[in-house]
């Protein structure tokens, strides 16, 4: 069994300009932020992102000018920032191409790709403009084979014409990057808490990159085979990246960082302040170690560590931060 | 929270003549045998069974004359009996109506029912007579609303006409009975080892009945929420039935019983010997306790108990039984 | 005595929302005020309600208020920690969710919601986060509770984009569009509580918040809002306020 | 020395099947001789092969020979214990399975298999268990290895029912039928090893078992079996036999 272990820098370098990618996690948890910062440092351009409910992972990539087209359902940090500020500006300025779906629709599209079928049916979307309207033009769709030929397709059930469904086209990305709690060097991973759509996203990608809080032995993970959701032979690379999701949470490891999220959202609506955020926390640091130092080091991070009885930090101050 | 606990007798009594049912498990493991014996004792008739790879659970029900129609992919005990003898005879004698699918097709049908869609697509079956031929006539299909209007439907993908898929119609049954390792009185269950298609089968049934080796507290099961696969609010009833799958295995609890399976398969091809098997092990006993005594009691059952390091009985003799 | 109870507008709205949840119901919760509402309901009159979050936590028993539907806090005491697919298909699409909470920037008289953008869709004046799970909850929950800020411009004759379908054009238009169940039951705003006519499915004022009048609420609405059935909104009890302030949100994450 | 090695027909067939598995491949195993073959391969030349069972065990490292694909023994050392859906969709349909083992009662020259019934389908003379997962493995694995008893009546001109599609009518008929990959690579029988012509996909005799002749095998086949490339089947090594007898199946569950 050859090891799939590589460094974070090596992992980021695998993703070229123009690549199609999905990142794991959901709004405030388990985004592969360290890898995303590395992509920004590499000045990657024209990335094509697929997601359901990304948060600041997409927002900072979009703000840094790395993204050309996105297909998604939602982009915000929920209560930490009810809109992704750079995403909002990019749309209002016509700086990124996008297509709107719902979370269920995007998850259905990842599921179809993972299952190896061209589409899956659902009963949602009827009567909405998510169904009725398209943001991408037919020309834009035709010009990129990675974009579905149609946004969706409505049909009657051949088993009962009274039943109508919406067919959602499968997603296939060139890359998927997940940040998980534990991984073994053969690619076996352990996701704790909610799995979001990580498994489906990984299984519809050509190359799956895992960043993990902890590298453990394959034997340890094989002790509980019911807890392993992703076939290790679908995983290409594994990188060991502690605090790899900061400022977002990783269940059982650490909580989200309200201070860092406040700094981001207070400045991100302003171009100059956003550039300064990038200069201070992304361009101004060379790697994850320097990033963690820049956000406050051990003093800050220790306060985020999860209480084993909760899986998060029960006494974390989230409002009225001094 | 009102308790969903009932007795095995009460559980069996809920299922009327003519009911459509799916049973959990796969060939040699986790079939709800105790409940099936109870149905035979109640002389249930005209049952309509849906399954993927049942084994002796269906075979004895069919042999006892309880079954009118089945939709399935396979019926045998694999290496213990490479064909279900009563199933074979019933088909050859025209005693049951049936439709042939593949395991993937039947699981896809249960999945569609569980997901709440009228069908799901797959890429299997092309070129086979499973796709080309139908065992049930259009008249038989039209006469029972529980039977799909068509066996399946082939279509081109609206996103790429070059891609062809087979649509499989959803299954909805009136009952699903699962035998699991652990259950709480609120309906929360814990399946250990392979989950087979138990979750999908339960979620496409109106009434879900759980028989469990052990009744545990809801709190205990909530300690590992990643290990719980079935929403408890989809479960209607829970019965405590130790050795409820005998002579089949329950991972981590006990192994299959090669002696009992040998007795069954040696006689089941012969009508008289099969009747005698029923008289001795089903009609001749009043409940699960008497059944367990009839098959050899503690002396036999202790030898089947699972070794915690394996989840089965590593020294179990499976051939050349004296 | 309850008449002397002091409460904030957020507290009044939260209690009104919480009272929409019946004991034992399966509830699909969203971020913010809905989280206060479901936790309050679970701590008061609906101890057996099943709280579901689309990110994967099912039947949560939260010890701390989450700030996101993907928050680690939603896993606390949960019966299941799964993913979006299990929640959307096995729970929501299969018809197992009794009530879902949604909100938006614009709402029309039929409870259709816009949380996508204002202005031309392709060149929006203001862009919002998008549907998230709102469209799916609006389409597939047995009923929905809508939370909104009550301003004339936020309750217009016509919304710019239907992110989450309500009763569409009223009557049986929702069913005709292909939706198999559901529809908005109530709208809790900063000024009152609105419900929908049984057959026309047009919104009407059920109650105006204390200190306001039915006419004042109607005047602040962008479409004609029938007020003939309107009474004053029932105020929170001292016990509801105590649990809300001391148990549900002692940190004042969402409470004001 | 290997020339003096004593072995049974089952052992010869098992070794021939095991040698079809390359190290690191993902293998979809069935009950009986295929289980002996995959365990032998994992214990000898293919330690990194990934053994998958349709009932839900993925990447098993079995300590004892299973008697069913749903056997608790398949969970031993497994990387995943999931269900049929995960195996069929995420592994098989998604194209992650390199080789699948199947068998049947009838096989034609294109490797189409019947494991459903003999005689009229609606009133069969003999009924078999049915497809199980065989049709799916035959349709969706990158290649299949077929195990069969070699008798004239079991290898006829035409089979009564195509349970598991092989190369159908040969040529590109498999692709034309809508199958996206796969097809039978080899047939290991009680008399020899057969493979398929690259373009016509017709079966030919690759090797006859020791003690038999190419002509004898062809004479026991119900269709014309080309024999010009036939050599004698390579016999098991002493090491393969030792592992097979002492490690894989010491209980003689399947070994004879």
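For this structure, a couple of remarks:
As written, the chain order gives the labels A, B, C and D, with residue 1 at the start of each chain.
The criterion applied here is as follows: a residue touches a chain if its C-beta (ideal position, glycine included) is under 8 Å from a C-beta of that chain, and two chains touch if they have at least 3 such contacts.
In this text, all values refer to a predicted model and were calculated from it rather than measured experimentally.
The chains in contact with chain A and with chain C alike are B. The chain with its C-alpha centre at the largest distance from the centre of chain C is D. Distance between chain centres (mean CA atoms), chain A to chain B: 39 Å. Centroids built from CA atoms put chain D at 58 Å from chain C.
Contacts with at least two other chains are made by residues 57, 75, 81-82, 93 of chain D. Multi-chain contact residues, meaning those touching two or more other chains, occur in chain A at positions 116-117, 122-123, 193, 195, 199, 226. Taken as a contact graph, the chains fit none of the simple arrangements: neither line, ring, star nor complete graph.
Listed by chain label, the pairs that touch are A-B, A-C, A-D, B-C, B-D.
By the touch criterion stated above, chain C contacts chain A in their complex at residues 31-32, 53-57, 63-64, 67-76, 81-85, 88, 92-93, 116-117, 121-136, 138-140, 161-165, 168, 173-174, 177-180, 251-254.
In the complex of the two chains, the chain A residues touching chain C come out as 25-29, 52-53, 72-80, 82-84, 87-88, 91-92, 94, 100-105, 107-108, 111, 122-130, 132-133, 135, 154, 164, 193-200, 249, 251-252, 255-256, 306, 310-312, 314, 317-320. Per the touch definition, chain B reaches chain C in the complex via residues 1, 114-117, 188, 199, 203, 218, 221-222, 225-226, 228-229, 231-234. Within the complex, the chain D residues that touch chain A are 26, 48, 50, 57-59, 61, 75, 77-82, 89-91, 93-96.
For chain A in complex with chain B, the touching residues are 116-123, 148-150, 153, 155, 157-160, 163, 165, 167, 169, 191-193, 195, 226-227.
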